[in-house]
Amino acid sequence: EDVKIGVSLAFTGPLESMAPHMAAGAELAMKEVTESGKLLGGVTVVPVRGDTTCIDAAAATATAERLITVEGVKGIVGGMCSGETGAQLENVAMPNGMVMISPSATSPALTSKEDNGLFFRTAPSDARQSEVMADIILEKGISSVAVTYTNNDYGKGLADAFEAAYTAKGGKVTINAPHEDGKADYAAEIGALAAAGGDALVVAGYVDQGGSAIIRGALDQGAFSTFVLPDGMVGAKLEENFGSEIDGSFGQLPDSMGDGKAKFAAMADGFDPTGAYSGEAYDAAALIMLAMQAAGTTDANVYKDKVMDVANAPGEPILPGELGKALELLAAGQDIDYQGASSVELIGPGESAGTFREIEMKDGKVDTVGYR
Amino acid sequence: MSGNRTSASQNMGLRYTLVALVLPALFIIEWINGGPNAALGILNMGLISAILALGVNLQWGYAGLFNVGIVGFIALGGLAPVLVAMPPTEGAMSAGGGRIALALLAGIAAIALAIAVNRKAPGKTRIIAVPTVLIAGFAIFRMIFDPGVEAVQAINPSATGFLGGMGLPTLLAWPLGAALAAGAAWAIGKTALGLRSDYLAIATLGIGEIIVAVLKNEEWLSRGVMNVNGIPRPWPVPYEIDIQADAAFIERAAGLGLDPVTASTVLVKLLYTGLFGAVLLALIWLSQRALNSPWGRMMRAIRDNEISAAAMGKDVTRRHLQIFILGSAVCGLAGAMLISLDGQMIPSGYNPLRYTFLIWVMVIVGGSGNNWGSVVGGVLIWYLWIKAEVWGPQIMDLVTASMPPGDLKSHLLDSAAHMRLLVMGLVLILMLRFSPSGLLPER
Amino acid sequence: MDFLNALVALTNYIIIPASTYGAQLALGALGVTLIYGILRFSNFAHGDTMAFGTGLAIIVTWGLQAMGVSLGPLPTAMLALPFAIAGTAVLVLVTDRLVYAHYRRVKAKPVTLVMVSVGVMFVMNAVTRFMIGVDDIKFADGARFVISARGFKEATGLAEPLAFRTTQLLTLVTAAIMVAALFWFLNRTRTGKSMRAFSDNEDLALLSGINPNQVVRVTWIIAAGLAVTAGTLYGLDKSFKAFNYFHLLLPIFAAAILGGLGSPLGAIAGGFIIAFSEVGVTYAWKKVATYMIPGFEAEGLLQLLSTEYKFAVSFVILIAVLLFKPTGLFKGKAV
Amino acid sequence: MSYLDASGMTGGYGGADILHDCTLKVDLGQIAVIVGPNGAGKSTAMKAVFGMLNLREGKVLFDGEDITALSPQDRVRKGMGFVPQVNNVFPTMSVEENLEMGAFIREDDFRETMEQVYDLFPILREKRHQNAGELSGGQRQQVAVGRALMTKPKLLMLDEPTAGVSPIVMDELFDRIIEVARTGISILMVEQNARQALEIADIGYVLVQGANRYTDTGAALLADPDVRRTFLGG
Amino acid sequence: MIRVENLHKHFGGFRAVDGASLEIATGSITGLIGPNGAGKSTLFNVIAGVHKPTSGRVTMDGEDITGLPPHELFHKGLLRTFQIAHEFPTMTVRENLMMVPGGQSGETLWNAWFNRGQIAREEEALRKKADEVLEFLTITHLADEYAGNLSGGQKKLLELGRTMMVEAKIVFLDEVGAGVNRTLLNTIGDAIVRLNKERGYTFCVIEHDMDFIGRLCNPVIVMAEGKVLAEGSPEEVLANEAVIEAYLGTGLKNKIKAEEALESQRHETHGAQPGLGDEAGKGGAA
């Protein structure tokens, strides 16, 4: 028997380069479970991809509608961007009683959204990251920064929260200006940032989008030499694009200590496991299947109550590659504490508590400094 | 000549019959394959698309106005449900609302003054006086405006941070959406309608971008990129979870042999279909009557040859303005409807590819100048846009099925998502190939 | 000294980046304007043609690099350019044969052709992604800088840096050469003149013995050349990302329109005006003002308008120009 | 056989036929004039001869060769020149460039011909650098004829060359046409200034509703009271 | 009726109309002739509001109408035709005519939506009128043809037909005759005379056919190089040395023709009135 799980991500549109690695992560978990043959007595989990475009709420809604009513999926990994995720949740998932676990929608607004207990996310809300980022910067003795953010709810939410936290802690933000992703040229933005000045530039953007272009320009034109890099900026591309040119720059991303990340990386085949939110996507898919097992059914309205249980303590910690074991334990009625690739710990209304990995660029490589 | 015309009209009859058969057939197939929810979901957006296409057809098909700023009018219309139906943000009005209103008034006054100065002031002083008035006006505007905005945006930024709306029924937002778009169209038309063809196109494209930029960056108004969630549904559409909890409903659904989830989701969609269908029918009726009247004849004359129409006593400028406002209002109306269907307003989602060019594709594929053509184009292209998402990867699977496994195959499979655009493009090219003046041409 | 610093800051943050960007837009706009002028429609697939051509150039570059070929301080991609142009020319010619030729034959309205080009855009969009994927690709090699920021500071002792990238120099030089060549071609050569004749009055061109197929072919080949060059230079200077090329299309069209559709000179002027207005109007004058006015300490950034509205600025300028010159600065065509 | 021999032409613009078994012939160095009421199909017949119309029946022989299937631009290379009734200049090209385009297929030096055209229409020399689109109606007409002369065709087809030109220019134009014909070039033209045209015509065709109604020498047609009254304005 | 005072229209540095002053008397059929490029069409365009004059004044019945837009002039009774026909190509010939009259109640949206009865009545009347005009122009068979498909001369007829759809005060005709069959042109000439006599239209006619000018017009104004070169009765003007040199030419064919025409005009004014439905009128359709 087949169980279908939707993978509803933005395969086309501005984040098209991130989506494949995320989808691969989610599908890896499904493959692992299928191969273990232990889910609900040996069902096959079939991923069904759906394209949400990131920016077109109507298209995303239609996609979710198709996944649920046409494909008959029993759970959805997605959406990808916060706005589009809200639309799918409100218009399709809730009315149809479908569980959605987003690996990457990080807008704080989703925290308070009414969801009937159907929505979870394996990425933390941006509200927390901004606090951590402010602390790290101040600890380095940098008291004045310029901020540029990608002009969407993620970037703006992060930048505004950061400005509030940083100013409250005594820092000075010289300018807090957006940049649009995918635009032809960033000379104007760089000019403004340079004029405003500051000891470092906080780039709350995406590494394969405007974020890199801004760093490139700022670097070449000699406007800034130290950059602060939150989650969207930390990826393989960062090393590839800049190498040792940005040595000394630093940042943080939702990520956890422990073996999860490494194990996930070791399992990855044919995609970039360090790609942003790839591990989170693995975890999202894993959580759906584990909750099904715990509830003994694929009915979303039933297993939705089990998601928090399998994700959190008490129970046996589960890392990537151990899904078979977890299914066995659950089948035996035992508790598990899913850790996964991103040290999953769901709090409050079902979002990741968020540990953050602090990184620094050293010799052209992303170097882990510690966790907080 | 006469032979020519009868064969043409027979041809048209055939086309209408075909379309009248094919569209319902697609709907039924969709219903059978995907169930009522999928079919109705596509239909509802199809109806809104049809209305949008009707609005564009009004401007292009009737009057030859090349408006590529549709996205701006749709976005403005989308603002209406926010302003009308969202609850007012507590304290926002007193914190900064007054200031903002005052600032806007000051801004308008400054512009009015500048216009007056431009008219009255003698020759050379004008060159200095007008910019002075404008710059001073802008400075005063910012002085009043900025603190107000800051105060409003400070109120619980992660949830509100904007003025909010008036807490009125969402249905009222529809006419307001039309009115907002019409107002903007008036202002734009007054300045830009002197431009022709592609020049008007790019000017309107720019204006559309500017409107979207404002909605995206003025958080006090629309929450900007932070989006507005939870916009109430229009009367009489209920929320599924509410009726799913309603015992009477569950019973009635059971009576029909339906489970409550399906029953509720279908009911909601049907209600939307009813609302949108009613609006579309009303608009079609008005458009058809207008087109088949001396008014329509005059518009076509203007479209055909402006110079000559002016020499025949038609006030081309005024008529252009009229139809520009009407068409934009229809787009605004559809924009408001769209947002009340989505339940949220995402300003950054208004991108021209989706909300301008796709609409244009609908109009042209349907057949410009023909109202029914626009409706058909709207529904059909929306259908394809949605289906291409499924067909694309399926086709890719087919193509690669016989390939030996390897880098190429996996590379192609990984890119399967892009087949969506390929399929869309091919369908578009093919349709226009066999029907260059649209499925239902003007005549 | 302070005056020099102010000047350097302006050069570094406005003049050099805006000229480069302007040259990139101008090259793109030339292609758009050429197709509009001669084939009489706004080609929405131009951005994706640029993307495709650049993708091809990258693949050839990789090949060349693998073979150990290099151009010294210049990017290897410049060597790849002719191959990429040839490949893209073949693609657009095939497209024309399969798609556009039909609409010319049935004398379809220009707007139909515009919509068809939207279809072609979708297809090319996918083809490009099949070919080279969606990732951000950096393919510039050779020397990065003519003048580097640090080097400049050390050499001059000024507080302000000045950077001038090789790719920027290359862009400006190539753009100048291409533009001059195109002018010469259109106004002086027989083929060029026959293309203008065709653009003016197709039927009469036939009656003068001009071979329409040849005109169309040459037009596409030149357009492909311009598109690939523009796209590759842009990709070298920034980086290659298929998605960005669609967005490049809007300022390109704005430039072509501002200058007057069908006018090569207009395309160039338009490109630079758009670029300079985007960069100039949103520039924060704080630094420059501090240098220029001794003892001045700016409170704010002295920014006329924040960068969110930079696109709006160029469009406002565009509309203002069109109000006085309804067919652009250089009397463009209107179909 | 005539130099140009278009016989039995039947066809139209896709709908009903406009031409019905229409025949036009011109010999070397002859001037043939087509007259007829508006909408008779004169321009259509010219287009048909030039291959701008799909003929259902009939064929066109030129210099003994069947050219029915040739494209217009190939016919130009065979030595046919045509001045259409409307849209007959390149509006955004200068007068001089218009003339150059007329000589597009010529490989030899065409400057001499250009001088001849300027001598014929002095106003064009004056306006050589102005765009043709900015000329007055009559000036444009002169450009159009000039362009066709530049080709040095063996058969020159003119669709109402004198429409809108002033009397002084018209006289010169007719004189020039006679001159051109004397050099051995065949002329086929449509004229509404029919009396002057028939005066210089070797052969005249009266077309009515797409069919030949009268065919005779120019003088004979002029002398025919029926023709005069119904087609030449008395 | 129309008075043009020291009118200038410059294109860049070029003076297309260079200080022309003239008067068109009420009830006259005034001819306007002159070499190609003399500025005749430009003068028309300035009077009719298509071009703004560089300087100078145009008055109509004493009222200043300089620079008024064309549609306002239309409602003042000033109509014009174009030298290069400006039809509405995607509308049928009949529609081309029916759209002309101003103040149709169906031209407001409200009526178009909710007042169909009245519209139907008005349309009926318009249709009848249009058919009369078509009949008069001998192109009834083209009523339902798209105007874009007409032959060159047919378009010219349509141009003229449109001026017949309303009560005009003054009609400017820019080379109605060019490309029109001479038999039909005679009919048109008769129609002009009749409209002039019976409906009191004033005409100003540009034409290069001296036959036509001589038969119809009095006075005749000659323009050259943007200025008025001569003015007077046809006899005077055609005998004027300057006019012959600049315009008529010494080919004399035209001069002879013009004299013949004058001769015939003299006969006609003594003889029978040309009528609408007579022999010549039908000739063109043949």
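Read from first to last, the chains carry the letters A, B, C, D and E; within each, the first residue is number 1.
In this section, a residue touches a chain if its C-beta (ideal position, glycine included) is under 8 Å from a C-beta of that chain, and two chains touch if they have at least 3 such contacts.
Computed from a prediction, not measured in an experiment: that's the story for all the values here.
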item: Any chain in contact with chain A as well as chain C; value: B
item: Topological distance between chain A and chain E, in contact steps; value: 2
item: D-E or C-D - the one linked by more C-beta pairs in contact; value: D-E
item: Farthest chain relative to chain C (centres taken as mean CA coordinates); value: E
item: Furthest chain, CA centroid comparison against chain B; value: D
item: For chain D paired with chain E, centre-to-centre distance based on mean C-alpha positions, whole Å; value: 28
item: Centroid distance [mean C-alpha coordinates] between chain B and chain A, Å; value: 32
item: Inter-chain centre distance, chain B versus chain E - centres from mean C-alpha coordinates, in Å; value: 47
item: For chain A, residues contacting two or more additional chains; value: 16, 20, 151, 178
item: Per-residue multi-chain contacts in chain C, two or more chains; value: 129, 133-134, 246, 308, 311
item: Touching two or more other chains - residue numbers and ranges from chain B; value: 1-2, 5, 216-217, 418, 420-421
item: Chain C-touching residues of chain B, taken from the complex the two chains share; value: 60, 66, 191-192, 194-199, 201-203, 205-207, 209-210, 213, 216-217, 352-353, 357, 360-361, 364-365, 368, 411-412, 415, 418-422, 424-429, 432-433, 436-437
item: Of chain A, residues touching chain C in the complex; value: 13-14, 16-17, 20, 151, 175, 177-179, 182-185, 187-192, 194-197, 208, 212-213, 216-217, 220-223, 237, 240-241
item: Chain E-touching residues of chain D, taken from the complex the two chains share; value: 13, 35-44, 85-86, 123, 134-139, 141-142, 160, 163-172, 175, 192-196, 208-209, 229-234
item: Chain C residues within the chain B interface of the complex; value: 36, 42, 44, 99, 102-103, 106, 108-109, 111-112, 114-116, 118-127, 129-130, 133-134, 246, 250, 253-254, 257, 261, 308-309, 311-312, 314-316, 318-319, 322-323, 326-328, 332, 334-335
item: List of chain C residues in touch with chain D within their complex; value: 190, 193-194, 196-197, 199-201, 203-212, 333
